[in-house]
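One chain, chain A, links the two complexes that follow: it is found with chain B in the first and with chain C in the second.
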Partner chain A sequence: MVQLGGLYGLWLREVKRSIRDRGQLIGGVSRPILWVLILGIGLNPYFRSEVYGEVTFVVPFTYLQFIFPAVIALNILFTSVQSAVSLIWDREFGFLREVLVSPLWRGTILLGKVLGGATVAVLHGCLVLLLAKFCDVSLTVPKVLETLGLMALLAFALTSLGVVIANHIRSFQGFGIFSNAVILPLYFTSSSIFPLDPALSREQTRVVYPEWLVSLVEWNPLTYAVDALRGALIGYNQFSPGLGVLVMGIACVVLFAIALYEFRRV
Partner chain B sequence: MPSAPNSGPAIRVDAVSKRYGRTLALDGVSFEVRDNEAFALLGPNGAGKTTLLHILCTILRPDSGVAQIGGFDVVKQPLAARSRLGIVFQEPSLDDRLTVHENLNLHGLVFGVPRKLRRQRIEEMLTLVELTEWADKTVRTLSSGMKRRLEIARALVHDSEIMLLDEPTVGLDAQTRDRIWSYIRRLQAERGITVLITTHYIGEVEACDHVCVIDYGKVLADGSPAELKQQYGQQLLRIVPKTETDHAEIAAQYAQRLSKVSATEIVLTSDDAFSEEFLTENGARIRALSIEVPSLESVFLTLTGREIRDKAAGGREQTLAFGKIGGEHTR
Partner chain C sequence: MERLRKWAGNLSGPVLAVVLILLVTFLPPDTSLSVVEANHAIRACVPTTYPPLVTGDPDRPGIDVEILRAVADYIGVELLLSPNDAIGRDFNPRHWAINRGKCQVLAGGVVDSTLTRSFLDTGPPYAETGWAIVAPAPLEDIDGLTVGVLTLISGLDRIGLASYLRRQDVTVRVVRNSQELVDGIAGGELDGGITEALLAGGLAADNDWWVASLPDELARYNLVFGLWKGDLTLKRKIVQAFRQLESDGTLAAILEHYGVAPMGQGGSVPAL
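Coming up: the complex of A and B.
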């Protein structure tokens, strides 16, 4: 009972403080607008090729439609890692110190933290959904529900990843390094902003793109999450449809387990 | 929750050692804190006070030795030990984006205080530390003195029997420090709370029942303030001789009492009788003389030496400095 009450308290705290953090909120709103409106609209015309005067899209979607699910993933990625990274401060000086000397188990504390961070990340993912109209993505209730489920899985896995990273960091001087060293590389290599052409075979792909890039994209778990989101929102899958959920499910379990194992020694 | 196995001392620390890499932070520290006592842990920076406190509140594990809170071993039964503790850390550990009330309520949730009792306690504690009007303000709008008072209130929202305070009065003005001590005394009287406080303000220690001086991870002295003064306090005679010959003669004559000699000054260890005798005999040969009576401060300096402890900032301090200048997404 104490554990449950504590879990609720920690979750609530995480959500409340994130909502009150104006900086984070501004990032959550401006990021998707920049990516969708500026990059998306800007690159939209280049996302097709003309053969003998006939316009064909590389994939049967506009670039805006194509990038839309990926921007959801990006927003979740930023917010998840951000809230997990606040653990560094929290652990050394902040509130977490107080909680670590409470009668709560370490597992409860971590779960509260991760669930709270994931909730906020899903909320930020929903901010992107508001832009659906501008991207010609039609939203139906089942579509939105499926997307929410995928976002929750992704957010939980990424917040756990953030905690794993935070567990290893003793000195913290800013979030910039995480953005540059973790978030953007993960994002760019997740087939988020350019597709690996589905019409090409594996061998052909490796001819068109350099071998290392193809491998990076295929090894990046986020690729499969983005793919699953695309499947849900625009009905386009590069990989088999269930694969994304599977990869995210495994990532949730494995990353949370690692995070907990290391967190117990804090 | 298991009840206390025996009604021994509130805190028992027995031969506790802790090593960080090559430095021995604690070297076989032992002491006991009796029920309802105000116990001060006095020591210079880096003496091992905070390390010891972290072991008591189960954040750190001792390498060897036993520490018990209300009879519960901090390593074997950390949850039981923790539920009896109210802790105020050296750095504020409030969530400063939450309001005063939210902070207290969260603490109550985390410590499993039932809703009704929680509401009542929060009100009581806010009254005690005089922050009732601030209940709905976010913590970031509070001054550092108010934050400290809030933390003391927070440590008492659950059924804490023993309060650990790590330098609770550092950086606060005299008024706030005084007020904090008055809260502590009231709590001792009203709730029968045992208090373990670390400090390097020697003046504050005088009012405690028991003082333990530690340095370089070792207990140097342990007793009531009066006992310490008697045992370690040394009356000193500070003499400025008139001429160099006087200087040499006095130094030679009282060689066995010599405490310190500089070009102009001689310091002799003394007591009341000797000071009298010295004055009558050598009154004509000195330009100035002062008698230094033992204070806790001089006891402290005798025990721990006079040099300043400089230490490079570690990762922790750097992070703290970053946070203080308003580092993003942290506070």
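Coming up: the complex of A and C.
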């Protein structure tokens, strides 16, 4: 009971802190606006067909529809990883010491923080969902529920990753630089802004794109999360539909285990 | 009271964020509708004839032409048809030379399939179609028969049809137009004819023949209008127009006029 109460308290603290953090909210709004409104609309004409029968974009969707699920992943990625900055904050100002001497287990403390960060990240993902109509992505209740489930898995895994990073960084500035160095490469190599044509074989794909890029995309776990979100929202998968859930499930367990191992040494 | 004020203070940020994002959704994502409105006309590329969707008859111009006219009226612009006789001569749409400059809408046999959506965006569906067979008398099965096949422009699955006919040991004669198909059946050279379901229904009605859809293993598709990918504002307006046409009964009246069942009523022809 004490553990549950403590878990709830830590979760609520993370959620409240994020809601009050105007900077994080501005980020949560500006990212979808920049990526959907500016990049999506700006590039949309270059991906649309001009002649019937001529394929300029291998995906049977508009560019806006194609990047929409990826922007959800981006918002979750940023929010999840950056929510772990609170760990540095708590360490700096002594709150973490107070929590650590409480009767709560380390696992409960970490879970509270990760669940709090993941909740906020899912809420930031939902901000992007509000742009669905604008991007011509139709939403139904089952579709939204499936998407929320995938977003929760992704957010949990990435918040755990954020904690792993925060455990190794001692300053706010260092965390900002390091997290950006992780977030942006992860995002750009996740097939978020360009597709790997599912009609092509592995060998053909390696003719269209350089082998190192295809390998980076295939090794990046976020690729499968973005693919799962695309499957749920626009019914388009570049990989096996169940692979995204499997990869995210494994990432949740592995990253949380690493975060817990390191958190026990704090 | 103090607690309430605190909560309101906490929630003001997220509420502002949601409002800001919702405001963005009111921005037009492209210029397709404004171009149509500025020109006071919407252009549609259609085949010269593809009954009952496009007939070429001014008094009874066809389902697609009448629906497009109603959509144009809703938008408040004129409908300009751009008949293209290359459509249907070749099954590769690239050879039809239809481009964005010629028309904003493609009509007259566009089906909502993955293949279509590789090239185009699609409007709302208004009728169902698929492959159907016509014959002077009811057929139990088509095993070993000689049938005429008229594919015209329909985006239906030709490869699937070819595989199905091969399995049924059917002798296939490809015909170029509906008259050739009618003459072949009437003259007894063909035991029956396979073509797109709406056309088959029309031929059967005109000649007092039997008609049936081919089995479910051959997919059925929704008939739609083709729109250029990325023309979101025009698509939204067309969707609005369709809602209006559905609610005031115009769409049902047009379909009924041509003897076609509205969406969700199992198509116009029974199954084989």
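Everything below uses one rule, namely that the second predicted complex is superposed on the first by the 247 of 266 C-alpha atoms of A that agree within 3 Å, B and C clash if a C-alpha of one lies under 4 Å from a C-alpha of the other, contacts with A are read in each partner's own complex, and residues count from 1 in each chain.
As a working rule, contacts are C-beta pairs under 8 Å (C-beta built on N, C-alpha and C of every residue); 3 or more make two chains touch, one makes a residue touch a chain.
For clarity, every value in this text was computed on a predicted model and none was experimentally measured.
Judged by the touch definition given at the top, the superposed model places A:33 against chain C, while chain B stays out of reach. Applying the stated contact rule after C-alpha superposition, one finds that A:64 touches chain C and leaves chain B untouched. After overlaying the two complexes on the shared chain, residue contacts for A:85 are found with chain B alone; chain C is out of touch. Judged by the touch definition given at the top, the superposed model places A:16 against both chain B and chain C. Legend: residue contacts after superposition of the two complexes on their common chain; A:168 is shown touching neither chain B nor chain C.
Counting contacts as defined above, chain A residues 16, 20 meet chain B in one complex and chain C in the other.
For chain C in complex with chain A, the touching residues are 10-11, 13-14, 16-18, 20-22, 24-25, 27, 29-30, 45, 92-100, 106, 114, 117-121, 226, 228-232, 235. Those residues of chain A that touch chain B in the complex are listed here as 1-2, 5-6, 8-10, 12-13, 16-17, 20-21, 23-24, 82, 85-86, 88-89, 92-105, 170-175. The touching residues of chain A, counted against chain C in their complex, run 16, 19-20, 22, 25, 28-29, 32-33, 37, 41, 44-45, 47-55, 57-58, 60-64, 123, 127, 130-131, 133-134, 136. Touching chain A in their complex are the following residues of chain B: 57-59, 79, 82-83, 85, 87, 89, 91-95, 97-98, 102, 105-107, 109-112, 138, 154, 314-316, 318-320, 322-323, 327-331.
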